[in-house]
Structures are given as structure tokens and as C-alpha cells.
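A short write-up of the structure that comes next.
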Amino acid sequence: MVKVGIIGATGYAGQELVRILLGHKDAEIVWYGSRSYIDQEYASVYRNMFQLVDAKCMDDNMDELSKQADVIFTATPQGLCASLVNEQILSNTKIVDLSADFRIKDVATYEKWYNLEHKSPQFIEEAVYGLCEINREDIKKARLIANPGCYTTCSILSLYPLVKERLVDVDTIIVDAKSGTSGAGRGAKVANLYCEVNESIKAYGVTTHRHTPEIEEQLGYAYDGTPLTINFTPHLVPMNRGILVTAYAKLVKDVSYEDIKAVYDKYYGKERFVRVLEKGVCPETRWVEGSNYVDVNFVIDPRTKRVVVMGAMDNLVKGAAGQAVQNMNLIMGLPEEEGLLMPPMFP
Amino acid sequence: MVKVGIIGATGYAGQELVRILLGHKDAEIVWYGSRSYIDQEYASVYRNMFQLVDAKCMDDNMDELSKQADVIFTATPQGLCASLVNEQILSNTKIVDLSADFRIKDVATYEKWYNLEHKSPQFIEEAVYGLCEINREDIKKARLIANPGCYTTCSILSLYPLVKERLVDVDTIIVDAKSGTSGAGRGAKVANLYCEVNESIKAYGVTTHRHTPEIEEQLGYAYDGTPLTINFTPHLVPMNRGILVTAYAKLVKDVSYEDIKAVYDKYYGKERFVRVLEKGVCPETRWVEGSNYVDVNFVIDPRTKRVVVMGAMDNLVKGAAGQAVQNMNLIMGLPEEEGLLMPPMFP
Amino acid sequence: MVKVGIIGATGYAGQELVRILLGHKDAEIVWYGSRSYIDQEYASVYRNMFQLVDAKCMDDNMDELSKQADVIFTATPQGLCASLVNEQILSNTKIVDLSADFRIKDVATYEKWYNLEHKSPQFIEEAVYGLCEINREDIKKARLIANPGCYTTCSILSLYPLVKERLVDVDTIIVDAKSGTSGAGRGAKVANLYCEVNESIKAYGVTTHRHTPEIEEQLGYAYDGTPLTINFTPHLVPMNRGILVTAYAKLVKDVSYEDIKAVYDKYYGKERFVRVLEKGVCPETRWVEGSNYVDVNFVIDPRTKRVVVMGAMDNLVKGAAGQAVQNMNLIMGLPEEEGLLMPPMFP
Amino acid sequence: MVKVGIIGATGYAGQELVRILLGHKDAEIVWYGSRSYIDQEYASVYRNMFQLVDAKCMDDNMDELSKQADVIFTATPQGLCASLVNEQILSNTKIVDLSADFRIKDVATYEKWYNLEHKSPQFIEEAVYGLCEINREDIKKARLIANPGCYTTCSILSLYPLVKERLVDVDTIIVDAKSGTSGAGRGAKVANLYCEVNESIKAYGVTTHRHTPEIEEQLGYAYDGTPLTINFTPHLVPMNRGILVTAYAKLVKDVSYEDIKAVYDKYYGKERFVRVLEKGVCPETRWVEGSNYVDVNFVIDPRTKRVVVMGAMDNLVKGAAGQAVQNMNLIMGLPEEEGLLMPPMFP
């Protein structure tokens, strides 16, 4: 039985970790860390957990936690994990960091986009980017996993086969992404009140969203090793969960539907959690809600020689907690899909 | 492995049966019945099931199905199960009927409220009302289960201890219920379009809703054996899932919070799926979504000598498919909670 | 041209006042008071007002304001208006107070339910309860209007004819009310975040909500002059606007549909803003959204001898800003409906 | 007083025409045409209109209607207006056609994208494309107005200044658009049920949506007279109203924020209904709901040399009925903004 500690257990991603791990037959949560709610019943913060979780919230003492847990999930704001981690901790335990601290290899890039000094640059090199479908083998050997961002997971998985196989002009990539509101977190802000979000849609962080360099770096590895430069525009959608990515790129040669389909099948045909949809079917977030699946598909536009790529997933599952558990499974030598096979819940 | 057939697999309740049964380790679906979609891929009707269900929709030949399945779920409009069932079928298999056909013992009452001739009155007597927390032992021995209605499950479980212990004047019971829109089914009607339901709330079926006599009969058994007469008013709420019941009744004597709490604990203290909340906590549908739990609580009003009782559950789970599976587990001698322990999903 | 000042212009009710008054041909806003946003552009707080309102937020200096404005609206938290008002102000100007400060004649009752010391009890007596359909003539002569609460407006108008004509047993009245989320205000609270409210319904303030004594007092005036004692239960509904009231009471004699319809027509037949619906039609909040209408109707239940009364209105219009403008029109001798004839907006 | 007839008065756009025209001081509706509801009370189809509209639905006899009305709005499916219109009608009255029948000058293009034979190609030439901000003078002289599509209005107005001033490479234009569900109409389809749309987002009509050639043609006029070729992708958003356009294009030269702002101001500085937002403010549909405004803004991305343009409007107002009334005002010599100055309603 894998002993698991969660720091940041009362955020939406932290709570989703709890939901998933309660159904994981080889894992047990031993630490519900939440600085804001120390000593309060976890089930009083998330009442869905009434009678299911009988524990109080703890602090974020990662040194102590590292002695008790085989794996620590840090579902915390940027900077916290980097400020707490040290060699001793990493020799005691494994860390799956759901924040951005170890996702970007170039410290300057991280510090510029996040406007934050990195407190543990010495661990960036060894950290493995935890996109399981792409870095599976490296993840298995890692001590420190940088769990990918929600937008990035969906963007990268949607575009990866096309970039990897050099079917598109990477200078023309535009990612227009739409997210449910849980992605904005559980902080009490006027902008996230029900009446402010409901019945509206908006773009935000236009040209400046922090997931941009992460997508650029990872797609760059798939291409020629150096980061791409793309446009990424996130939008806030009045729904709880779900991310939809609609991406555009110029095709570099004449290819048929079958050609591209073959490329997607090449990379995802054996992947449990990436579903390449049938011809003509557009991904919709409702079909993946509550699950670890990413649904992807594409349409070729013969008029403009562009390909329109779409991906849909649950931002809290494959975009956060589900992928984190998938990483945990890989690190701990468990079946990759353990605890993650719940079907999407609809409606 | 229990072999399961579903008639009406493409309605919302039918699909929820599929979702739940996919996670049930002792059950296997052998028949996805849906007259409207015969020969179509089930996963083309519910795309969340892509790559999870590899079967086509079948007809509703219950004779044939009864030879293949250990249990048949009928998630169909009123009248269908009664028109198909016969002694041969019931000797072959067990039936859990999610429609109202066998819920009401008095045929005349059924025919009046449903405005429908009952086609198999001979089976009404043996049918067991499948409210597991109340009729558990009878359910275990049954061939034919009348799976309770969604509003009724929540209403009865909320009020049962008070009525059973004769703490309230049963002539004063008023049930004001609120349901998400999945309760209205998947039929293409203008009234259920997104723009018609969204941003609105309304009562409907005022004084005439068909779940009224069902509540009256079952609470009557808990009281003195004859049906009560109550007011029941359902409302349509702009959300997918969830039922909230707010019920009112005059207390017949001075009782304290602790007195009533003790009564609820007496009936539900050992029940896995009924959660009596802590003092002062009101049930909310978000805390049970996707799960088989019913959350109940009450407030005494010393000014009016009334008790206000509240219950919240997921109409598609405990109010339909989850309870049906709970019944199946009981009939087949499986652990009652098998396949039903998914925690509520929030947000 | 009536000069209008608003204190609390950046709350939802305050902003709705602005929206309505911009379309009022005899009124002009001269003061956008908002302590939280002093010196900020009003249109930067509510961007729908971009290019429509070219003013900055001011403080809540009511003395100064009373010299500039013919009417002051206080759309502020309980206690503020009572702490600012004085004889000088009331001799300069008229006040329409959207808070509860002057709604309840009995100071002890106010202080108990609101848990607040009343700072200006000397003005309670002269304040007129601004339910225009009932107190029209008194309103015309008033200096200080207590603008009714949202739940109370809908509850009182729904039940008034039945109580006034003594058709119901007033000891049996139960009001089960449902409100959209704008009623909770624009404060940054976790409980009102999009993901917390969306896809859920709950009761709150059960037996203790502050609108209870207001309903009891006003319906008491319609009955025998002393407050009734009722049950009132509010619910939070995932929608922006709208209140639906479902009320229950025992009929004290045999009456037909026509009898009760005649009573409603007697009181509301000539009222512009109360629409008694046709037989069998239930009020729905979508049909009044954005407008000053209250839709009411009733169903007699011959089985239980109860009448079920329903009322629907927009909580921000007839339940707050619209009614406040209606009061202003009456005080200032303008046509009662001026600025209030916008049809309900659907969908 | 202008006499107005509406054909298709019971669709969402038709009903929005009614809502707007009820507040128009120089117009009177004399004909509520709706084939589906002939002889039924209009207010029984849209109960918001109870006591506001006292008329029954009529057929679509345009010959007869042309004798009674000064202006006819056809808010009908594609093909209907073209099949009914004739020279006699156009000599009697003016027509504002809200369908696509006369929007596209090239018949072959129309017939290909709409998969429909055009029944009145002889009127295409004289029809004026009713985008008031661009074709104002021609509109004033027209008999037949092709009221622009919802997506197209928002797309064109967002991009027009950049294309007209040749600041972008028109071959790189990508329009990613998001619409509320009222755009899908009031037809009873499973895909538009509440539970199917709620809590989900999807793209649809990818590379094939019918508004594509309309955008291409109109932006082509702004450029060099021949249609552009662009990518246009619409998305369905779980909200009632609103369209957001996010468009991307390569800049053809180094320009500053101020340069582009000046261009937008040049075209829209004096336009009542187009609001160029302040620097850094992204358009959001909530700020225009219920109004005739289009909010636009842009962000330059120095990294990619692209400009990201955003536009938000209410699809039923500026995207349909509001613009239609704006056209009517122009044709009839009324003030262009009459009936259209209602502020956006929030929340």
C-alpha cells in the first residue's frame, strides 16, 4: 500500500486527488495538508467527503511528511514546492508537483513568465516532465515529477503527432483554448463569483498566459529540441470542469485524412487515456468529464491548407489530479491505469 | 459474474446504469436494449462510452433477453415493463423495473394517476418495492423489484424516521422538491431545451405529480398501513443532476434536536448510503453528485412547532440507476455496496 | 428632471438602479456612491456601463448628497442607512432605503433577527413600507421609504389576497422560496464562487432567515394587525436572477378556482406590475427576467384542502431596484411605471 | 408610426424583435407571423409577453402582409424569404431578411454552402448587406436588406479596420468564435437539450460553417474587392446569449498599440454601437447582454507578430434583432438608435 501525502489538499485539484485516491486500491492518504484549514475536519471543507474521510487538515511540513509518505503531491501555488523541497526530502520520498515549479527547464524563462524567483533551481534538471504518454520511461525512474499544466496537457497531446512527424509549419501554430471555471481555483475573488462567470465567455491572459512557454518547450522537444513560438489564448467558460483546445496550423504538404489519422494512431493507438475519435466527430468536454481521458481529433481544411486540431479533457483529472496519479502509478511500479478507469460521467 | 441486460439503455437512467456497471466487478452487461437506436453503436449515442462499450443497441425482446441475463433492468417509459413481463420471463431471470409499473399496490390508484391501463396486474402483489434501506430482506427474496422513483426515494428517506416513530402529524406533511433536468429525460422537447431551462426555476405538476401516491403509500406503511395524504410539489432546477427535498410537518410533541437526531440515527446509523449530517448542516446536491448517497438533516422550528426536513441525492444514482444496482446486489447475494462506492464528484 | 444619488452603487442592486435609471426619462443620476471604489471610474467596475456612465465613484457623505439630490437610494448593508440618516437630511431630500433598516416597526424584532443595534429608531415610525401595490397612497406622502426585501415582495404579493380575504388559515402558511445567486451580493466569498453554486441547490437560513419577520408583519397587517407566524425557507438556485415562491396554506372553506381567481383579480386586476396568470399556468422566473413584473398563480388541492400559491419575479428589479424606482416615481409625482416598462428578456 | 410585420415571430430572433419593438416609440407590430402556431396567442408561446402582446399568431402570407406593413422582418429558415418575395411585395413594403438568402452575392457560393437552390436570384443584386456601420448610406436607400449573420457581424466588425487599412496578412486570418445556445434556435433537438449543452463546450461545423463565405465576402470588399479565404470555427457555449470572437492574423508591418488603436478609432470613434475598449480590457459577453453593443479590442503579440482581435456582442440583438431594427430605422428615416439604447443587463 503506497502511502500518500497531499500538500494543498483543499484546493480543487487537491480534492480531486482525494476523490481519485479513495478509489485507488493500492494507495492510502496519510496526510491532508492545508495551511488554510489546519486542524479542521477535511470533510467540513469538502462535505462530499463526509463519512468518507475521517481526518483533519495538517500543515505543509514537508520534511516530516517525507518520512511518512512514499509519495507527496504538491497541489499548491507556484513557488511553494520549490521553496520546500531539498535533497533529504527527495531521498526519502517521491514528489509529484502539480505546480509549475519544475516544468520549465530554463530558469530565466520560468522567472520571467511567472514573475518569481526560483528557490530550487538545482532540482530542475533532474525533474521529469510528467506527461505520461510521452515521457513514460523517464517518469518511472524519477524522484521529482513536474506534473503538466491543464492547458498544456491538452494542447500538447492534441498537437504532438503533427509536430513530431513534421506535418505542420510550427511557426503557424495557434492554440485557442477554453476552460471550465474550476481551473481558476477556489480563492474568493469577485471575478470568479457565480454571477460574474455565469452567462459569459471571455479571453484572458492574451499573449501572456503562463502555460505558453510550457507548451512551446515541450512541443519544441518533439520538433527539433528548441522551443517553438506560438500563440496561446485561454478562455473562461461557464462550466465547472473541462478544457477544449482548438488548434490551427498550416500543413507543410498535401496529406489526406488517412495520412494524419495514421499518425495519430501511431502515437496513441495503444494509449489507454488518449482516444482518437472517429472521422467527423468533434471532441466535447461532456464526454470526458470526471475521467482521465483526452479525446482528440482533427479536420483538414483543403481551402486554407490548415489542419484544425481539437482536444477535450477534464482539467481536474487528466489536467491535474488524474495525471498526477498516473505519474504516481508509474513511479511506484503500479499498473498505470489503477484508480483511473472511472468512465466519464454524463450528464 | 452476473449477466445483466438493460432495456432502455439509451435514456439517461439507462446510461447511468452502464456507467455504474462498468465499474462493478461482479457484473457484465450482455444486452444494451434501445428500440430507438437498434443496430447503432452504443458509443455513438453516448460518446463518453467510446472505447469502453463495444456493443450495438438491441431491441427489447424480453423473452430472449431473459434467457441470456441473470438480471434485467427496465429503464423504460411507464407501461412497457408491465406489457412485456410474463411468468416465463420471471422464472428465467430477475427484473429490476425502474418504471412505475409495479410500485403502487392498488391498481386503480396506478391507473388513475398514470392514466394508463395496467397490463400485468397479476404481478403487482409479488413485486417488492426496492427501497433497500427499508425493505432489504424482502428484496433479497424477490423476482421482481419495483425500483422507487427519484422524488420518492428522497422524500421517503427524508421523512421515514419521523413518520415511523409518529413524531409528526402526518396530515400536515408538505414536500417541496427540486430536481435537476436529467429527471425530465432525453426526449426532444422544446420545454427541455437549454435556453428554456437555463436561468429559470418553476414548479410543475402541482397537486398532480405521479410520485405523490407512491410517497403516500410508502409513508403510510411506515405509519399505520394506509396511505397518507400529502402535498407534493416538484420544481425544475437549471442543473443536470440532483434532487433536493424540503419537507414540512407539525411535531406532535415537544422534542429536542437530540431526540430527533436519535431517531434518525436509529434508522440510518448503520446505513452506508444514508448520511445524517451534523447539526446545522443543510444538505446540498453538489455534495452527493455522481454517488449513491442520500444526505439528510432537519431543523426544529420552535416558533411554529414544525420540523423542516431536508434530503439531497443524485436523481440518476440513488434516485434511479444506483439504487437499481443496489437492488441487484441484494437479489444476487452480492455485497450491497459493490460498484456503488464512488465518492461524490465535486465540483 | 429628478436628481438621484445612489449610495452603494457598485453592489448588484445598485448597479441595477443605474441600469434602470439610465432609461428613465425624468431622472438623472448625480452621485454614484461606493466606499469600496472611491475615485474609480464606475464603468471600470461594471463594464456594461462603458461609454454610458462617465462618472467616478464617490463616498457615502449623505449630508452633502442630500443637498444635491432629490432622492437618495441606499443600496447598502443593514445598518448603514440608519447610521447616516438624520432630520436635516430628511428635510432636504427623500430616501428610498433598499436595506432592512426601516422595514420592521418593532425595533426589538429588528435587533433580534438582524443582531444589530438600530441607530435611528426615531425614524422607524414615519418610514413607509414601500410595497407600492399595497401602500401606494402612503408612499406618495413619505420622506423615507423602506424598500421591501426581495423574498418578502414575492411572498407577500403572492399571498396577500388570500390573507386579506381570510380565505386561508394563517397558522398553516409555509413559504418555500428559491432565489438566483445575485441575491447573495457581490462580496468575494468562497460559498458564492461559480463552482460552488453551479450544479447544486440548497436551503439556507432554515427557520432563521431575516426576511421572515418582515413577511409576518406585513401579512399580519393584511389580516388582523398583528404579525403572523409562518415558516419561511429560502433556497439558493444556480441562476443569476429570479425568485420563485411556492407557498402552502389550508383553505378555511370550500372555494372554487373562480372564487380565488376573483379575489386575485380584485387586488391585482388593475395593477400594472402584478400579472395573475391564466388557469393552469405556473409562474416561471424566466418570464419575468429583467422586468418589474411579478407573476402569480395558485392551484387548489381538493385532496388536502390546501391552496398552493406561486409567485415569480426578478429579485433585482421588482425585488430591489425596480421597486425602488417605482417608489421614487410615486414620491416624486411621476407616472408610477416610468422607466419600468421594459419587457422581460428571454432567453 | 411604422407598421411592422414579422414572419417567424416565434423563433428566438423573432421574439427578440418583439421585445425590442415593444420599446420602440415609432414602431407598431401589426403581424405576428408563425406558421407553427397559427391562431394561438403569441403570449402563450412566449409567456414573458403576457399582457404585453394581445395578438394571435398569423400565417406567412407575405403578399397580404406587404399591404399592411411598412416593413417586414423575415426571421425564418434559409430559403423561405427567397421563395416568398416578389416585385409586387417589394414595391409595397421594405423587407429586412434575417436569414441568409440575400447575404451572398454569388448565387453559386450560396447554393454550395447552404445546399439549397436560390428561388429569387433576381433580387440578390439590389439587396443591401445590412451591416449598418459599414453600409449605412446604401441601407438608407434599400428596399431589401440582408441582415448579417450573428457570427459574421461580430467577426467582420472585429477585423474590419485591420483589413481595410491593410495592416494584416489576410491569408493568415483565423476566426475562432464562441456562441451561446440561443443561436441554435428553438427547434426540439436532442443536441440542444439542457443536459446535453450544459457543462460542456464543443466546436462544430469545423471548416464548413455557413457563415464562412459571408465573412470572406464582406472582408474581401474591405480589402481588394474579392473574397478572402479564412478559417472560421464556431463553438457552442453553455449560456443563453452572447458571441465572442477571437481572431488571429499576422501583422504586415511593425505597428504599435497606438497605431492600431487609432485605426479602430477612425472607424468606430463615432459609432454608437461599437465600443473600442480601453487598453488591456478583453471583451466579455456579459457586458453586452441584452444590448445592441459590440465591444472590440486587440492585443499585439510581439513574439509572433500577430494581432489577436476580440469582439463580444449579444447574438440575438446586434447579431439579429437589434441590427434588424437598426436597419429598419435607417430605411425609414428614423434615428438610427431608436429603440436600441437599452443598457446591457448584468448579471
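Per-chain numbering from 1; labels A, B, C and D assigned in written order.
Keep this in mind: a contact is a pair of C-beta atoms (placed from the backbone, for glycine too) under 8 Å apart; a residue touches a chain by one contact, two chains touch by 3 or more.
Since this is a predicted model, take the numbers as computed values, not measurements.
**Student:** Across the interfaces B-C and A-B, which one involves more C-beta pairs in contact?
**Tutor:** If we tally the C-beta pairs in contact for B-C and A-B, the bigger total goes to B-C.
**Student:** So how far apart, in whole Å, are chain B and chain D when each is placed at the average of its C-alpha atoms?
**Tutor:** Roughly 46 Å separates the two chain centres.
**Student:** Rounded to the nearest whole Å, what is the centre-to-centre distance of chain A and chain B, using the mean of the C-alpha atoms as each centre?
**Tutor:** Taking the average C-alpha coordinate of chain A and of chain B, the gap between them is 37 Å.
**Student:** So the centre of each chain is just the mean of its C-alpha atoms; given that, what is the distance between chain B and chain C in Å?
**Tutor:** 38
**Student:** Which residues belonging to chain A are in contact with no fewer than two other chains?
**Tutor:** Those would be 12, 182, 195-196, 198-199, 238-241, 284, 286-287, 289, 347.
**Student:** Please classify the inter-chain touch graph. Allowed labels: line, ring, star, complete, other.
**Tutor:** complete
**Student:** Can you name the residues of chain A that touch chain C in the complex?
**Tutor:** 12, 181-182, 186, 188-190, 192-199, 238-240
**Student:** Within the complex, which stretch of chain C touches chain D?
**Tutor:** It is residues 12, 15, 18-19, 22-23, 46-52, 182, 199, 240-241, 275, 277, 281, 284, 286-291, 295, 341-347 of chain C that touch chain D.
**Student:** Along chain D, where are the residues that touch chain A in the complex?
**Tutor:** Of all residues in chain D, those touching chain A are 172, 174, 176, 178, 180, 195-196, 198-204, 206-207, 229-231, 233, 235, 237-242, 244, 246, 248, 282-286, 289, 299-301, 303-304, 306, 308, 310, 312, 347.
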